[in-house]
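Each of the two complexes below includes chain A, the first together with chain B, the second together with chain C.
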Partner chain A sequence: MSEHRDEPGAEDDGRAQHAAEDDGRAQHALAGRRRFLQQAAVVAGASAAAGWAALAPEHWPLSLQDATGERGKPAPRVMSLPDGGYGLAAVAGAPDLGIARGQGADVARMLRAAVDALGGMGRFVERGDVVLIKPNVAFERAAPLGATTHPDVLTALIHLCREAGAGEVRVADNPIESPEACFARTGLRSAAVDAGARVFLPQPADFELLHTPGAALIERWPFFARPFVGVTKVIGVAPVKDHNLCAASMTTKNWYGLLGGRRNQFHQDIHGIIADLALMLKPSFVVLDGTRVLFRSGPTGGSLSDVKPGHTIVASTDSVAADAFGWNELLERADQPLPGYFGLCEQRKLGTTDYRALNVKEVQVG
Partner chain B sequence: MSAEPRPVSIGRDGKVRLRMLEPNRDGTPWYARTLRITSVRVITQASFFALFVFLLWVTWFSRMGGYPVSLFLELDPLVGLATALSTHTVYRWLWRGLFVLIPTLLLGRVFCNWMCPYGAMHQFFGWLFNIRSNRDNLDKNRYRPIYQLKYYILAVMLVMAAFGSLQIGLLDPISLLVRTFTTTIMPASDLAVSSAGQALAERGMNPDLTPLLSAPGAPDGRLFDGAWFVGLMLIGLVGMNLVIPRFFCRVLCPLGALLGALSRFSLWRIDRDVTKCTDCDLCLKGCEGASDPQAALRKSECFVCFNCIDDCPEDALAFKLSPLPVADRIVGSVKAGTATLFGRKLKSRVVATEIAAPDVPRRRWLFAAVGGVLAYPFLRLSKAVNDRGFDEKAIRPPGTVAEPEFLERCIKCDQCINVCPTNVLQPSTLDQGGLEGLWTPVMDFSVGFCQLNCTLCSEVCPTGAIQKISLAKKLGLERHQEDGPVRVGTAFFNRGRCLPWSMETPCVVCEEVCPVTPKAIGTYDETITRWDGEKVTLNRPYMRPELCIGCGICEHECPVLDDAAVYVTAIGETRDDERTLLLKTKKNV
Partner chain C sequence: MASPAEQRVFNPHGRRHYRRHYSLGEVRAGGVVVLLLAGVLSWVVWMGAHPDPELFGNADLLDPGTPVVERGVLPEGLSPAGFAEGPIAHFGADNLYEKINGRAGYFTSKGFEQLSFVSLRHEQDEALAIDIELYDMGSADNALGAYAGEKGAGIESERAAAGLWHRDRNALYLTHGQHYVRAIGSSEQPAVLEALGQLRGALEAGLPAAEAELPWAHALFAERGIDSGAITYHRENAFSFGFARGVYSALLADGETEVFVVAAPDEAAAGALAERFLGGFASIGERLSGEPWVKDRYLGSLAGARAAGALVCGVRGAPELEAARRELEALCQVLGALPEALREKALAGAAPAPEKGEVESAESEQGEAAGGYDEAEDGYE
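Our next item is the complex of A and B:
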């Protein structure tokens, strides 16, 4: 308080001291009052804020009130795929099923021939498209064992997409076994990366609930969502495989690898699930990799004696038709009834099993 | 009061001056202040720490490719010595420990303050959170008798190792740090990175965060049994630096004790010039090892950090090649202040300059050794680590040697657990192996499964507890056909919980995923009329035990999650004839 004191002379030293004391006391009282008011304001403000947050009705701003406990639950983020999926409008006169056959022919040429039979990649992929390719990478098996999509087919497919001007090509799958190991052992990782595609391995945060209206079993199911961000076209490419429960695993069952969550419940109604998968994802087109056929011990195989050559690659806008072709002519089980999911798909108008009734174009390569 | 010079100033002549580039008051250039040996030391420590983290980062399926991923464990001479005691052999790369032993015999415990990543971590956090006054620092850095403890720990562990029970891994700093990174730090950082990725994705961004993840492609994020305890140890041991600087290094570290015992032979040491030293004790300010540089240097405690040389205002300390013992060359009376050394007057009143050996009386070494002798039977009599009474869930990874040999080799570093792509390998809890088996690798099929074509755990094991095996050996192919595949256990069905067996519901996920050819799971197919009248075809699974290798993918994929209807136990493992199940198993011939 010394700055308030006048320069004290010797004679009025005592008076000045008194004055200074009074002054100090007054200042002290003032400061005390001010501090009291400040503290009172802080206490009142904090109580009012806490009271508001706790007691204000839920729809009021800044309210935290949760009388039922419902508000505190996490709201699941639910996504949906575009209406009509990634399918394209039918082109009048264009084939729906392209079949390329070739004994010992180059896989890239066969794939090109099959896609050309549908009208060429230009029918599906436009300049700047972001294309997602879904191969079957389910198991950690070397390519010749036939349990997964052949890496040469994937390479050729990526090249076709890039030729057609795709801005970005992505490859994604959520395998049963360790994703890294599966992508490496099958040769699909290096095939994709070398051809200039980006590989998406599933991370825990990559899944979101997908809403599929009309699905019987998986109307809401965790879906491998991250690779789909910004995607404009989707192509499935699957091998031809025997399956222990649903008899055959081809392009329609291939979409299984886009789901997460408790997939191990799917076997309780595998046909219903595959029909739901066909409903869930409508691709731009699919490729059935019939270069070799895992005709028994599926879907894992593991022995070369379970694999026979198929010499065929199919491209189709109708995955059910492609699979029916595979059942009859690649698995060579035309004498047996089609597995249950074919009928379910057909009932829901998700494709036709009578592939011969479609506009089919078959070419011989090499 | 003179103003503190600013980091950047503009002189009257308009020139910009950086304080860090100004010459010293004595005229020496700026880099004499900055480029000191202690700065070199800090850079070296940071580099070794970065190398350590890098090697753990590449310890992953898609990143391995010739890197010596277990280098630090192999450089650790305690690992080499203790396994040599327990197995009478030196496995694969463990001779690399010589790279640390030899410098120790020349320079002292340089490893502790130049190379050890765990030491660097303790020093860093001790420095970061040091709020003590200088006077307190001097006090905290004086030698204390409790620092003997590490020598007793070392003695107990080496004696136990000689009996065949390797327990150094509990406290060996490299094993401890690898384990800590594997089970706590890296999974926690992955959690943070994937949350950040999710947050970015919600804002429409889609960056590739793979390089930041320690385990990209690990299916559901990795989890580790008992991570809480390893994490608690990390926090506790780092936190102790606030109480006693370098607590772990000074008090507990068995590797430090080994190097300390050896450094009595080192040729170089810190030497105090008693004709310059004024006994101001400022050398204690940053003394990492608490090695008493202000008095008789305790060679076995000195980390060779060189802080004392930096801090000495009298330039009395230097790192010298076999300095002369001066005590008996002093002439005159120290008390009376008339003492001289080679004609120069003594300033210091403390004439002793060296204590070479650790401060452990011989009888106490004996006590510790007896402790080790007793600890061996105490641990080994636990039921779990023996062939009788082993735990059904002590399922060891493929390539593991028989349990007694395993216990001679495993240092619980958990590198195998780090590299495992499916997260099936877990640090054992007390249940599966008692204290002796704590943190050793066991497979938990509720978390993952053993990937058929994978032998990574056997690749990274530094001590051969999991011997390096080829894929052909694991699968029983080529020249291993006669032996058949490596089996780690056998799967069993619990029909009471199995959907087709007891709940009229189709399933057989187990059969689908069984990776062996032909499949070890078959089915009895039957069409039944369900309770509601519907006809259902059930494929009821059964085991073909001579085909099962115990990989556990059936248990992992079984929809009966909490207590799977098909489950693997350790019986039937091929690593020990005492633990087989069948009289005849299928060979691949």
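Our next item is the complex of A and C:
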């Protein structure tokens, strides 16, 4: 220090150096303060945000409060079926209802005749299509008892789809009774597998919420979704049955087997739910299996005395019309008013009960 | 100046690589760790492919098995020769739909309490099976009501040990006390038909029944030449009248005239009940002046009711007045001559008719639950 005092120039230099150091320190202190303030602001902001998220009432924006635990549940995925369903554009002059009758005739020939009357399977199924067939497998009953689709009809339908070039044919239903037992006892599983189709038995994870705009009872309802992934055409094939609640179960009621959840509650408004089903699923076409008719003790049946031969197979682009035909000519109840769901379907323009006014083609087989 | 460690607290480049070099020791240690992990993986794979056989020494512990289900009232040794029992299942009123969806309402409306189900499979031919549905209907009246409602036209019933039975092609229908049994064969193969015959014996021998006698009204109708199998029991809501409970009815040979009887708690109640029947019939018809008869305004058929002591007898759907009068008179005479034991039995089981308000309230609830379904029935009264 004393050496510096002895040299005046060195003293000036020292002052300048000190000033520069002071200035540097001041600048550094300023930068440090700014940095501190920035970091403090970040910490304060983060703390405030966390406090808001944790403490703000549940209905406030960005609140993470979940007093009931409901908000923590994952939001279910809601699916929709294609606009317009799986139906095809109307073809001018093409029949809407194909009827094949034949006593003792081969079922495959009858089905082919009914579908040919509509214009042939080529009208509906193109090469590479993924076709879903929905039979009625509702009960664990042997096929002759008439409570389910006849396996011979299913086999013939799968063969027709294959001939038309379908890339894949799937068969699916969700019986309330054990699905494995129902598919086995009815013979429908072996019929489908032997004919080269994939059978989808329902598992809990296979169901998704389906949004059906305009439906009164099932606007959002669990639906057997897995078999529908990638499907391009849908065909329903249902037997003709008496029904304890809705008087008759045919092609429109058949879609009930695609619902999940506690669907039995819909029996309180059976006609309403059937009208909703017609809205929910618009198929490519339907087949009414009138080879035999469960004319009483439906829908379960049990005695062979409850079943009579129908000798008829109907194919139609209008399931309401097909069912009206079944009511009049297969259940032979033309003298009774149509069940309530027919009127509801007509009101929604989902089909017509006046099947005679449609383009009907009837053929005799054998 | 903040140290590098302090700066890392808010390091904006958190993933920046601060160590460009690793020591040889670290590399070696890392190699050892990788080798160890590879060894563990190899061991897991090898063990998976070569499991210890002793693991399966107690295979029964791994098998969840079939849950034991109580037989309930299902008789032991039910299987006929050549058939084996499958699993037993029971259903109550709250889950009956799981077994007979769409048909459940038929049974619940008739007093259903429990369904016991078992399937019998032929040991040689799996396609041959008999499904046994044993319905506990709570009372013999209810069981007979369910039985009669499912019986096809023209089928004659036979007297069973404690009820009625008949065979219909592939199926056996039987009541035994409060139980109604449907045994449904998968086909009409001889093995199935023979087994159904054996089943009837096994069921009658094994099922409990409070008493072997048929309900009182069966004896009464028998006096009028009406077969037991033609009698229908309406536990409630007979002819769509909310007040009509415990009514026995039977269709006569003309296929149109239906006769009915019902027990009331006492004579006064019987008189009031008969009047309520007439009032109900009059809601869709015109009452003939001074007579217990109503003419249906749509069908032109005649209906009437009157009390005979504490019992009420009636006729409905009769095409012609004189015949209806004769039938009602004959029925009332039989009622009057009813043996005292049967009369006591009838009166003991008489359900008090619900009060008017109760009926309206119940019907209103029914209508709400049904969402307007079955309006025609509600509108009848």
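Just so we're on the same page, the second predicted complex is superposed on the first by the 295 of 366 C-alpha atoms of A that agree within 3 Å, B and C clash if a C-alpha of one lies under 4 Å from a C-alpha of the other, contacts with A are read in each partner's own complex, and residues count from 1 in each chain.
Simple rule for what comes next: a contact is a pair of C-beta atoms (placed from the backbone, for glycine too) under 8 Å apart; a residue touches a chain by one contact, two chains touch by 3 or more.
This one's a predicted model, so the numbers in the text were calculated from it and none came from an experiment.
S.K.: Should the superposition on chain A be reported as showing a clash between chain B and chain C, or a fit?
M.R.: Clash: chain B and chain C overlap once superposed on chain A.
S.K.: Go through the superposed model and pick first if A:K282 touches only chain B, second if only chain C, both, or neither.
M.R.: Touch status of A:K282: no partner.
S.K.: If we overlay the two complexes on their shared chain A, which of chain B and chain C does A:G302 touch? Say first, second, both or neither.
M.R.: both
S.K.: Examine A:P202 and indicate which partner it touches, taking first as chain B and second as chain C; both and neither are also allowed.
M.R.: first
S.K.: By the touch definition at the top of the document, which applies to A:G230: first (chain B), second (chain C), both, or neither?
M.R.: Only chain B; A:G230 stays clear of chain C.
S.K.: Quick one: classify A:H28 as touching chain B (first), chain C (second), both or neither.
M.R.: Once the two structures are laid over each other on A, A:H28 reaches chain C alone.
S.K.: If we overlay the two complexes on their shared chain A, which of chain B and chain C does A:N264 touch? Say first, second, both or neither.
M.R.: Both partners.
S.K.: Go through the superposed model and pick first if A:R185 touches only chain B, second if only chain C, both, or neither.
M.R.: It touches chain B and chain C both.
S.K.: Is A:P144 contacted by the first partner chain B, the second partner chain C, both or neither?
M.R.: Touch status of A:P144: second partner only.
S.K.: Look at A:R292 in the shared chain and tell me whether it touches chain B only, chain C only, both, or neither; answer first, second, both or neither.
M.R.: The answer is neither, since A:R292 touches no partner chain.
S.K.: Considering only the contact definition stated at the top, list the common interface residues of chain A for chain B and chain C.
M.R.: In chain A, residues 139-140, 176-177, 185, 243-245, 264, 267-270, 297, 299-300, 302-303, 306 are touched by chain B and also by chain C.
S.K.: Under the touch definition given earlier, write down the residues of chain C that touch chain A in their complex.
M.R.: 1-2, 10, 97-106, 119, 127, 129, 131, 150, 152, 155, 168-171, 182, 184, 186-188, 369-373
S.K.: Using the touch rule from the top, collect the residues of chain B that touch chain A in their complex.
M.R.: Residue list for chain B touching chain A: 60-62, 194-195, 197-198, 201, 204, 206, 208, 210, 213, 216-221, 421-422, 448-449, 451-454, 499, 505-509, 511-519, 523, 539, 553, 557-559.
S.K.: Can you list the chain A residues touching chain B in their complex?
M.R.: 139-140, 176-181, 183-185, 189, 198, 201-205, 226, 229-230, 243-245, 262, 264-265, 267-270, 297, 299-303, 306
S.K.: Please name which positions on chain A make contact with chain C in the complex.
M.R.: Those residues of chain A that touch chain C are 28, 32, 39, 42, 138-142, 144-145, 176-177, 185, 243-245, 249, 264, 267-272, 296-300, 302-306, 340.
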